[in-house]
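One chain, subunit A, links the two complexes that follow: it is found with subunit B in the first and with subunit C in the second.
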Partner chain A sequence: MTDYFTFLGLSRKLGIDVQELDRRYRALSRQFHPDYFHNASPGERRVSLERSSYLNDAYRTLKNPITRIEYLLKLEVGSPQGSDDPQSDAAQLKHGTPLPGRKPPASLLEEVFALNEELGEIREMRDRGAAPEEWQARLERAQQPIEAKRIAHEAEIAALSSQWDAAIDRDAPLDHRHAILEALGDRFLERNYISNLLLGIERELGVEPSALGN
Partner chain B sequence: MSRVVGIDLGTTNSLVAYVNDGTPIVIRDDTGDGSDALVPSVVSVAPDGTVLVGREAERRLLTAADRTAYSIKRFMGKGREDVQGEAAHFPFRISGDDTGVVRIGLGDREYTPPEISAFVLRELKRRADAHFAALDDGRLGREETIGAVITVPAYFNDAQRTATRDAGRLAGLEILRIINEPTAASLAYGLDKRHAGLVAVYDFGGGTFDISILRIEDGVFQVLSTNGDTHLGGDDIDQLFTARVLEDLERGGAAVSHDGEFVQTVRTSVIRAKHELSNHEEAEIAVSRVATGGPDGQGRLNPQHQPYRMRLTRAAFEEAIAPIVERTLGPCRQALADAGIEPSQIDDVVLVGGSTRIPMVRRKVEALFGRAPHTGLNPDEVVALGAALQADILATGNRELLLLDVTPLSLGIETMGGVVSKIISRNSTIPATGGELFTTGVDDQTAVDIHVLQGERELVADNRSLARFKLRGIPPMPAGLPRVQVRFQIDANGILSVTARELRTGVEQVVEVKPSYGLTDEEVERMLVESFEHAEADVAARLLIDARNEAESVISATEKQLRSPDFADIERTELTPDESRKIRAVVSGLKMVLGSSDRETIQKWTQALNEATRHLAEVTMNRAVRAALAGRNVDAL
Partner chain C sequence: MAYSSKVIDHYENPRNVGSLPKDDPNVGTGLVGAPECGDVMKLQVKINPATKVIEDAKFKTFGCGSAIASSSLATEWLKGKTVDEALAIRNTDIVTELSLPPVKIHCSVLAEDAIKAAISDYRKKQGAAAAAVDQAAQPPA
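Then we have the complex of A and B:
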């Protein structure tokens, strides 16, 4: 089947008119949904199930801005999140070994290094039995530079997304488009790294995620 | 099949409805106590083997408690281990067989929960048959089957859905679809199409609680999120007060809690008081009957043989049930969060289920959503009415209304370290697919275990195990080299099938996920044969009729395509001459064998026609899509 954008009759742009997406989704659901093929031939029933599933998957992926970008990267660059190792996306079934944790991207080394140092001290504080308010406040401060990075990334991703859409509109040459995607892919890798980092800290220190905000 | 119905198979009551001239109506019983829509979901087996259902069975709760099953919905799709904790609350025997399937003992026979539910469904089918026969003035032929949409709580898992489908098959119904109760209710609520916007359906029934958040627009009912608890309902309130009364009595020296009939007497009185408190400030739990189940047949209520009375004010009642009602609010908040919606954005709150008659429940719902809930619908009937509408859509293909529902729980498989890898997330619109690539961890591993799980937790042990199977025949390769593609498909009933395939070699296995505590197809067939309404010959005849019906519908669908105005163009531009010749040849072939009584031949030709028309079906669908995207009027297609 065609890609999600084409399937929904959209160009491969990241700025999507959500109301238009909803409208198309409803119109296509009315075409494919298994409800309308109950008395049809099994061939048609199967096609209806396949198309309808694909439509739902497409809609879900494109509706969310994050998965939309991930999908575009996969579509244009081939592998998700800039990874070029075809094995890295295969998780292991039982009896395997877990994948090694990914190294921090170069642009984040400094912040991650500082954070780790600070985390060590916070852990010590906690283990010494310091009051939770005390070390939690410090943890929050320690996370601030990372949080600032995250916000900066969101802005960069938004800017790159607009650049991509402009490139599509004026039918820019391939190498120009690829440069945008590459930058977008890098930002995305970093973004995912940061999200995991923040989540990991909250989990390890047993802090309610909501207590720290995102 | 000419008639279709919607069935609400409830924990406490069940009912059946159908659509007449576009309006859904409940089929009422005209013989029994007045005109009654509700069939109590109670089944009683008399010593001579006679099975009683509904009101008659309900009366036997007090006289033959150990032979009378109620609240069976709580056991659907459950394993023995799941129900151990509460088995003691029920006066009938609850056990399990070697495979872990729950068995309910009534008299000297054991039944699975789907078999007991099938008795209730058969009673509803009888009601519908009688109703339609009267309408048709007896013209309803013997070969007519009834197609049914059956509702389940939105938060039912795969095993519970499959058990419900099995119950329907055992009752001799053609199951058109399993749909979610709150979604069905929204369909009945939004029918008049003035309704658009965000709707919350709060469904608090006898045994289960569901919350669904929907967006209704252009006649499309899109479920955004759902949550709930399949073990939370009015039953819990009844149990709470029944236990209180029994404790009270035992403190007074009466040994009553193991006397099933006496316990039922108390429960009945508790329920009466609960209902009264919805309209009055005060009620009384009164037990005048004396327990008779003692070993010497003597009364055991209390030494004085005084009737028992407990006065209950609404305030005291509410204080006691507050923790139960409170448990419904967490799922509501989660559903709102999953839909990305603030409570204040909800345009209307719809109440479903008998427990929403409790004033405190209404107050709590109003406080949470900041608006008074919509109470214009009969909370007992709205689910069946919606199911009837859905049955009508399926039967007629009417595209005015469309339900887009979601899967309530995430689905995944077990990976290294007992961790679940999610393949389809909760609240994904169904039908849905998902897939992931896996590899081996040991050199020369020739088989991988695929363990399918349902639930939100990270660790395998905390989720519901749905099924296990092995993908074998992987050629020996170094660890990490094989590429095992696991694909999940959830159909429009919310039921899952799983395919695993090794990409380097093409070794493939497809598994219709049969839940760990479910019945196999063979068991269902055997039960059909065993059930006293079906002699073996009947079953064979029935299967032949099914095969013929299927063949006829395939022929008619194909001929409709061949006659359509677009077909000449399709034939010219997109089909090879061979393809269209073959379709016509297989149609005539199938027509020739249709009259024979050889079921297998009919099925073989039907299958051949399916294959011959597969490409045509795709082409037709593609054209429809191009037209839809080009902005042509959808209704014109």
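Then we have the complex of A and C:
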């Protein structure tokens, strides 16, 4: 049983040298490319095709820092049903939670709910024909706390990622490593709420949505 | 993805949108969220103190059409039910009624969680109120 990190010859660290990742990806693509196997037996052709597609999934998942963390969480913490098939794990990543059974804090839900209500009121204000300066100023006020939260979150995720890499380097005990993953998982639980809210605000402001979601 | 006609109906004409007084001892409030998509759902029930029947239910959901429809349907079902009957509502009942596709099942789970959270909040309030009465009834030391 392999995983994306092992398949690409990398340790399970979050700080990945992207150039090194690209280099390994290209080398392995050449090795497995189905074009080199068109004279091979059907069995060998099938294997080369499977490996190529696994390689592509692995590369795509590890290249993006967000899906990389989500994948690590799946690998290390696992899904509740204990699916250990990395192929299906890749598919689950799109809709699954990193740490099943954990819930975002009530305070965050309250904040998100209140801000959504505020957005609704601003929308009504605009529809009633209020002056643009008026509702835009209110929208920007609503944006500040959540934007600050996003920035804090990103910093926390970066710090936890470095802690994880340091723990791997010194082969830290399992419970210590798990504590780091749990903290990372909690940040990821909150991530979609923050992204959605900011997307909603940006949409109202008429700004092109930035690459917040994945 | 195509929504079923029932989902569209609830989405376009949501039942019981709004809120009930949060501090009313006969009102239970449940606020839940789905980390998969970042949806938030608030569901409230008002329980008649004499009959213990849910006499009003309101919701407000920020999320996709299925989450809105699931909570709208839940408030419709809740009215007239006792607390125990309300707790017997299963997310699968909502899935069946709204013909939700597999990727939207978590929206129905959210609605079931919201019902449970609202009732648990109501019970907590009732417990706290009973304790306060007990305390008030204590003779001064």
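What we mean here is this: the second predicted complex is superposed on the first by the 158 of 214 C-alpha atoms of A that agree within 3 Å, B and C clash if a C-alpha of one lies under 4 Å from a C-alpha of the other, contacts with A are read in each partner's own complex, and residues count from 1 in each chain.
Keep in mind that, in the parts below, contacts are C-beta pairs under 8 Å (C-beta built on N, C-alpha and C of every residue); 3 or more make two chains touch, one makes a residue touch a chain.
Keep in mind the model is a prediction, meaning the values are calculated, not measured.
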Request  = Check whether A:L28 is in contact with subunit B, with subunit C, with both or with neither, and answer first, second, both or neither.
outcome  = first
Request  = Applying the touch criterion given at the start, work out whether A:T61 contacts subunit B, subunit C, both or neither, answering first, second, both or neither.
outcome  = neither
Ask   = What is the contact status of A:H38 with respect to subunit B (first) and subunit C (second): first, second, both, or neither?
value = first
Inquiry  = In this superposition, which partner touches a larger number of subunit A residues, subunit B or subunit C?
reply    = B
Task = Considering only touches as defined above, state whether A:S107 meets subunit B (first), subunit C (second), both or neither.
result = neither
Task = Would you check which partner chain A:G9 touches, where first means subunit B only, second means subunit C only, and both and neither mean what they say?
result = first
Note = Shared subunit A footprint, subunit B vs subunit C, residue numbers 95-97
Ask   = Contact residues on subunit B for subunit A in the complex?
value = 176-177, 217-218, 220, 222, 390, 393-395, 397, 399, 402-404, 413-417, 421, 428-434, 436-442, 445, 448-451, 479-480, 483-484, 489-492, 553-554, 557-558, 606, 609-611, 613-614, 616-618, 620-621, 624-625, 628-629, 634, 637
Note = Residue positions on subunit A within touch of subunit B in the complex are 9, 22, 24, 26-44, 46-49, 51-54, 56-57, 59-60, 87, 89-98
Key: subunit C-facing residues of subunit A, complex   = 95-97, 103-104, 106, 108-110, 112-113, 116-117, 188-190, 192-197
Request  = Enumerate the contact residues on subunit C facing subunit A in the complex.
outcome  = 31-33, 35-38, 40, 42, 60, 62, 103
